[in-house]
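Take a look at this one; I'll ask things after.
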Amino acid sequence: MAIAMTLLTLALLPFVAALAIALLHGAPRIVHLGIAGAASAAGLALLASLAAPALGGDTPFARWDWVPSLGLDLTLMVDPLGWMFGLLILGIGLLVVIFGHSYLHENEDTGRFFASLMLFQGAMLGIVIAGNVLLLLVFWELTSLASFLLIGFCQHKAEARQGARMALAVTGGGGLALIAGMVLLGLIAGSFDLTTILARGDMVRAAPLYPLMLGLILLGAFTKSAQFPFHFWLPHAMAAPTPVSAYLHSATMVKAGVFLLARLWPVLAGTELYTVTVTSVGLVTMIFGAGVALFRHDLKSILAYSTISQLGMLVMLLGFSREAAVLAAMLHILNHAAFKAALFMSAGIVEHETGTRDIRRLGGLAKAMPVTALIATLAAASMAGLPPLGGFISKELMLYETIAFSSPNAVWLLPALATVGATFSVAYSLRFAAHLFAGRPREAEPFARAHDPSPAMWASPALLTAFAVLLGLAPMWFAAPLVSAVTAAVTASAPAPVELGLWHGVNLALVLSASAVAVGAALLLQHRRLLAAWEAARLPDAGRLFECVLALADRRARKAMVAVHAPSLQRMLLASFAVTILLVIEGALTGGGVLTGARAGLPASLPAIAAWALLIAATAAVALGSRDRLRALIYVGVIGLVVSLAFAVLSAPDLALTQIAVEVVTVLLMLLALNLLPKRPPVLSSAPRKARDAAIAIAGGVLFGAIAWAMLTRDPGPSIAAFHLANAKPGGGGTNVVNVILVDFRAYDTLGEIIVLGIAGLGIFALLDTAGKGAAGARLRAWRADMPRSPERHPVMLVTASRIILPLTLMVGIYLFLRGHNQPGGGFIAALVVAVAFLVQYLAAGFDWSDARKPFGEHQLIGWGVLVAMATGLGAMAPGSPFLTSWFDYFSLPLIGKFELASAMLFDTGVFLTVLGAVMLALQELSHIAQATARPGGEEAP
Amino acid sequence: MSGAVPFAELLAAALIVLGAGFALVGSWGLVRLPSLMERLHAPTKATTLGLGAMLAGSVVWFQLVKGEWTTHELLVPVFLFVTAPIAANMIAKVHLHALRSGDASAPAGPAGAPPPPPGRADWATHEAPHQGTPCDFEGDERR
Amino acid sequence: MTRRLLPHPGLSALLAGMWMVMVNDLTVGTLFFGLVVGVAVPIFTAPWWPGRPRVRFLPALAYAALVVRDIVVANVEVAAIILFKRNRDLRPVWLTIPLELSSPEAITVFAGTISLTPGTVSADLSACGKFLLVHALHASDPAGEIAKVKARYEVRLKEIFHA
Amino acid sequence: MLEGALAFGFAGLGLALAMNLWRLVRGPGTADRILALDTMVINVIGVIVLAGIAGGSPAAFEAALLLAMVGFVGTVAYAKFLLRGDIIE
Amino acid sequence: MSYEFLLATAIGVLVAGGIYLALRARTFQVVLGLTLISYAVNLFLFASGRLVLNRPPIWDAAKGGAVSAYTDPLPQALVLTAIVITFGMTAFMVILSLRSFLETGSDHVDGEAVPCDAQDGLADGLADGEGAAP
Amino acid sequence: MNLADHLPILPVAIPALAAPAALLVMRRRRELAVGIGFAATLAQLAVAALLMARASGGTILAYAFGAWPAPFGIVLVADRLAGLMLVLTACLALIALLHAVVTRADRKGWHFHPLFQFQLMGLNGAFLTGDLFNLFVFFEVLLIASYGLMLHGQGPARLKAGVQYVAVNLVGSALFLIALGMLYALTGTLNMADMGLKVRALAPADQGLLRIAALLLGSVFALKAAAVPLHLWLVRTYAAATPAVAALFAIMTKVGVYALIRVVPQVFGEGAGAAAWAPAPWLWPAALASVVIGFAGVFTARSLAEQAAYAVIGSTGTLLIAVAGWSAASLGAALSYLPHSTFTTAALFLVADVAARRRGSFADAASPGPEFAGRGLAGLMFMAAAIAATGLPPLSGFIGKLLILKSAAALPQWGWSWGVILGTTLIGVIGFARTGSAVFWKTNAASDTPHPPETRRDLLAPALALACLAALAAGAGRASAYADAAAAQVLGPARSAAAVLAEGPR
């Protein structure tokens, strides 16, 4: 339990610190430093407390459930590998925090800086102590995100933003490959638990998907560790503040890839595919990085390419799949961490003091800043692999391993190439030290400013350099126990005693090493000439290439997307219709069956055929001759008439009534709208487009006609309607079964339906209420009648007749409403009839006259209608029945006789009110805006 | 009652035939008469009357043959007789309006263009109604 | 008070009667409900029918009977014209009928009657309200036609509407 | 007897509808088309009435009544549109 | 010819006309097209109860509750709901098209400004020229 | 029945009462309408949580309207899936409502609060119903309300987009009705559980019609879900809508996905003859294409709102990849990812609004503008939303995507699914990084003076959305267990049919 809490605290500490710093964003910078430093130090202490069990083989371990169904658990463990990386992350992290405090200027946003840094630290630490590969992935991607924030810290600088994006794209992209690889690994191994997976190496390597999985995981590792050809993000990442670079290059981020290779060594390593791929990528990267580093001028850029090269070396060593090579790699990780962090900090000091990082402008700084010079020179010597420094030992081991590993066919090749890499390393390392500190100052200005910083700033690199020196002088003290334990952990073998030392006698490795130093020094002497040749070669820059490809992709993709997604309704509908037609054809062909069923047809009467001809002619006229819009509306009226007739004849009186009533309201609406729309707009579509649309239309028509035919010629099976027919009267209290369905069996549908209508009314109101303002208002005010008008507004006969028509129609409405439950009619139809009755008044006597006499508000009608319908439904719940349970009974009164009262009638009243309100609202508002056009302009007759 | 049935049926059948005949004549007039004003005569009257006859046939049929008490069919012709003249009036106004505004698709027909009314006023379709006349419905307050 | 309760008594009676016809039911209950409708609806619609034309009922009924008769008889004439008269023999003509009626209701009924009775259609009213434009399908004697219409219908309507 | 009358009625109304169609398509004026539609509505009412008689069911009455009302409103609205543009003013 | 044939072909013709119009460039035409499609849809939904003459779904004591004595009432109820909903949607669409036309000065379905007829009352009456902006 | 038995109706009844109430008071007392809106939304959240709790045990609550027994009347079915959708809707609604009120978007036009409640009523009704026609009706309710909300605030862009949105959905509704008609003609029933039983008995002669109906219905739902190529309507609509509304619309495409999940296994599942899993072979490629198009749009977008709209397509596509697997694992993964996807797109729209409200004339265009107040925090929020949208850790999208990848691995052609999901994630990362750095990092010295934000409270709603994502990540274990159980329930329609059809007679 204590272990579990320790692990959890260890894992959470950096995140808590990051959050605390973010929350205390406005506090003095010392607070930020304090929190970050304390968290790192506390983490180190916790890690130290775990040293004994972790290195002693009793791996501290804790597990909490997170997403069991996925296999993602919060498993934390600190094995020797994790412990060593944790040490680097927290130790160098602490030093970076201290250094960063001095490095950052007064006005810089330390809150954001330290919060991001701690987030990064937490993510990195998470990777190394994760005991579940999915959890590892979580932290892995987090490092990409945190590094995005850190690299882009100087948001105003273009290169910072670009570098951040590039790092995110490359490492994030690799991370996605890693996700795929890890999930595959887990699926192959049957578990996402790291310990379990590591125990199933043979099983994994034998799996058919092993090559794919390996490729994906390596992609993740290589991108993170900046292996060629994914290296280019790393030099761009130097846009980050230098302390970050120090951290990124020495202990975090790039080391994550190496860590991953080490972590999964027991499952991945050993196959030929693994060995060949990893070794060659590492080797190429080592030589490439070292070569390029020789010709960079920015101090951080030199160091960045050096990092690429050094990481190539580590990767190559891990690729050998040999225990001894792993040991070399682990030792070099320590060395590299120490000298690289020191070097970056030194570069930071130089920049901080001189204002430049361009090595061509600097020189002879040893005089001005001796302490810095000493620190940097020692660190560079370690990087060059010079004795008696730590770098020398690991480079010796590396060269030794290349010899040991060499294939029998080309014994010389690998050691030779490795030596080339080592030679370049010597050259750029020496250049870093020599050109910076030795000789004379190349430019006066930076030199004039230069002096050693305060100890607070050089303490961190000094400490690291001291460590690098001690690693060389006393490797058995400072490295051997740890490296031995870590190597055992990586290779999943028992810890073996390790011999580390500066002197192993004269062997081939020493010879190669010595020649590398000699040739490297020689190269440095010829640097000017080499540089000229290099610059003449003008090799392509992968980073720039990446940007170009992205920009090109963006342009092309944008063009294509805009072309495809032009906001064209025609295209949207075309897609819908085409998909529909395609699906109908597919369904018919795949499903099979017969087109014409066995049901006997009903012979049609002569008027039916005539009406059918009317409908077809009217449809054709609307479709083909719709330029005269009023005429098109008249044809639509004909279609509506025929449809109404069809309903009336085919035993659907309610439908006929509804269709008739809706029809006229629709016509009124369309006419009102058409008044303000162009009456005869120009033709827009081209002939081919019309032909294409016609083809689609005909295909759709034929298919849906055929479906209708297939449906109509089949006999119906048993239907739930039988229940409705049987229960309408006894259970629902009404003889009009359609109405009983509407207000009882399926009253809930009707509730939704009236709400739709009510909302439509409100929406229409909202649309038209603002029509008098803005551009629309300007247009309305500038509106001129587009056809000659008769000056007579209210014809006498019409007005007079409308006065008698109103009460007559209202009476019909009342009649239709009251009998709806038993005979054709009902609230909806009644509402439309009443609405028409009022609309006739508007038509005849005009808007103002009629509107002033209207006794109701449409909003209120809609609101109360819905409430009444809802109340009817809720009323049923009081006696404990479900919502919308109906109630009815028969009563008898003297004189009046027997009559029925039903809750359905109340529900229908709600329907009536809502429908009336919505219809009146729509038409009334529409005519209202037409009034706005007519009023100020007065009469006009062009 | 048994003697009444054939008569009732005969009456109903006759009304139906008569009604359909008038409807047919109305629509035929619509087709063959020379211009809109002439055509207007046919459907507004013949067709309406035809429908009335058919509805009367329906009343007779249900009343006497099926023994069902129905009268409400009669409301349909009543309604039509109220509305048909108004509809005809409005269509005629449209025609006059088109004539005056020179719409090529509305030729004057054999009766020519209507002469203006005596006095200073024009027809209401061409001139706003004078204040205070029965044609002025701008506001009842003034009436 | 009666004015408030029964703004148009004739209308109320008409509605109650039509209710009975519409419901197909001649019971007391229906009559009661018809009366309720007949009273309630006019009250509700009163604002839309300002003024209160005074109508003589019996002459109105007689007039209605006359018109129905005319419709039936004269329709046959029009049918004959449509069926048998060639277009070139047709003598359509515009008639300008001077009006002696003044209330909108009376003018409307007059014009409506002219339209319903075959051979003539009321096309327009003059802006001053004093002339009615009528289209005759076939009139060899326009002046006689005008006189006939005025005598047969306008005179009666003047009586009915107290004009 | 009644069957014969109904057959005649249906045939007559069918023919009448066809004639209405002719006038509707032919025009020439918009007023002609409105008139054709107006006539058509009355003929359709006739069809509904006859179908009610043929089927022995009076349920078609409401449709006939409503159609009579609504046909009128439609005609007036079309006409008003041609006369004034704005049908409700 | 059977009613079934007439109805099926009518549905087909309405669908074809509706699709063709819906693919045109003017909101008014699109509204008409959608109206035609909704006619077709209502008829189709109605047809799912099959066609029956003279047996309206009005319960009749003489006929009792036998299924064969009536046409299927359920599709009728569904069509009723559909008609109402379609009406609301169509009304909204009409007003929206009009409103969009007023705002943008174009009745093109995409709101693009397209030159209108000279007789078009709204197109050239605008003082501030906003309608001409692409 | 006691009150607890009425629980399933409350998610519909509460907004159905609140909306007209808000309508009736809003003309005079605006604050009262706001209060009604919040109270109703909170009440819905509470009810939804109760329903979810009751459903989580596996019981299926069936509520028969009017006491008419299924399949003759309409039933509500509150199962795990419904519970999930209801809770999700209520949470999202609260966030959207908060943003609307805080940014005063609710005052920019008429009827915001009534429409908002009607919208919720439509959504809740659609998620609860067990009846296919009733599903149509509530689709229409939510659509018409969405038209009103989409146009809220008006202006040419919204009006233009609105015309298209409405027209496309009218076509969708027409297709829905046609499919419904065919299914009723074939099965004689509208209750989905009953229909699922009836389709098994159809004659061979009817199989073609049945399959057509299944495919048409599938295409309607795909249209709502904006699956490529039926996605064209979405971008302009969502980008133009008021941000608070766009945030609420994050649930709208999920309605289509929900309908597929609800209807296909129940009606067109095993034993449905030619219609068995009929939409599946079309859905999967459409889903892949949606993901590609969606993230290509994220990559090329020139404004944050446009980017968010494309992210909707991409994330719904990802969801549909999982749905198209139709296995318990893949459906479970889909249901785990669904809430995440919803909150994410909401957060994107809201953060875009936060930026737009502060950048003056630059609005949310992905080009450098003025340095504005609260840029750091807004930028972090955008980053978090982008992390969620691309499915990177530590937010819940990562877990959802892992679940989808894992479940897809068991299916043939898993490589395509994996490749597309992961490849588009990279494209998305690049796209978000670019717009984010342009809007929140880069500044344009030549730009006009920044708007001081009238309120910093507009950060509240996006923060809440992000908090939901964090909570989803933290509680991912329970969430995915619930999702798996819901998926298993959906895929076992026999038990659900038994529960629904066993409702006693009246």
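Quick notes
Chains here go by letter, A, B, C, D, E and F, matching the order in which they are written, and residues are numbered from 1 within each.
Quick note on the criterion: a contact is a pair of C-beta atoms (placed from the backbone, for glycine too) under 8 Å apart; a residue touches a chain by one contact, two chains touch by 3 or more.
Not measured: the values here are computed from a predicted model.
Counted as hops between touching chains, the shortest connection from chain B to chain F is 2. Looking at the partners of chain C and chain F together, the chains they share are A.
With centres computed from CA atoms alone, F is the chain lying nearest the middle of all the protein shown.
Of the two interfaces, A-C and B-D, the higher number of touching C-beta pairs belongs to B-D.
Once the centre of each chain is set as its mean CA position, chain C and chain D turn out to be 22 Å apart. The centroid of the Cα atoms in chain E and the matching centroid in chain F are 28 Å apart. Put simply, the C-alpha centre of chain A and that of chain B have 69 angstrom between them. Look at where the CA atoms of chain A average out and do the same for chain E: the two points lie 39 Å apart. Counting only residues that touch two or more partner chains, chain C has 18, 22-23, 104, 107, 111-112, 122, 125, 127, 129. In chain F, the residues touching two or more other chains are 133, 137, 140, 144, 147, 151, 154, 156, 160, 163-164, 167, 171, 178, 181-182, 184-185, 190. Annotation for chain E: residues touching 2 or more other chains are 22, 30, 40, 42, 44, 47-50, 53-54, 56, 58, 74, 81, 85, 88-90, 92, 96-97, 99, 103-104, 109-110. If touching chains are joined by edges, the resulting network of the protein chains shown has some other shape, matching none of path, cycle, star or complete graph.
Pairwise, the chains that make contact are A-B, A-C, A-D, A-E, A-F, B-C, B-D, D-E, E-F.
Residues 22, 27, 30, 34, 37-38, 40-42, 44-45, 47-50, 74-75, 78, 81-82, 85-86, 88-90, 92-93, 96-97, 99-100, 103-104, 109-111 of chain E touch chain F in their complex.
Within the complex formed with chain E, the chain F residues making contact are 133, 137, 140, 143-144, 147, 151, 154-156, 159-160, 162-164, 166-167, 170-171, 173-174, 177-178, 180-182, 184-185, 190. Across the complex, chain D is touched by residues 605-611, 613-614, 617-618, 621, 630-631, 633-635, 637-638, 641-642, 644-645, 647-649, 653, 656-657, 660-661, 663-664, 667-668, 671-672, 674-675, 785-787, 789-790, 792-793, 798, 805, 809, 812, 816, 823-825, 829, 833, 836, 839-840, 842-844, 846-847, 923, 927, 930-931, 934 of chain A. Across the interface of their complex, chain C is touched by residues 21-22, 25-26, 28-29, 32-35, 37-38, 40-42, 44-46, 48-49, 69-72, 74-75, 78, 81-82, 84-86, 88-89, 92-93, 95-96, 109-112, 114-115, 117-130, 133-137, 140, 143 of chain B. By the touch criterion stated above, chain D contacts chain A in their complex at residues 10-11, 13-15, 17-18, 20-21, 24-25, 30, 33-34, 37, 40-41, 44, 47-48, 51, 59-60, 62-63, 65-67, 69-70, 73-74, 76-78, 80-89.
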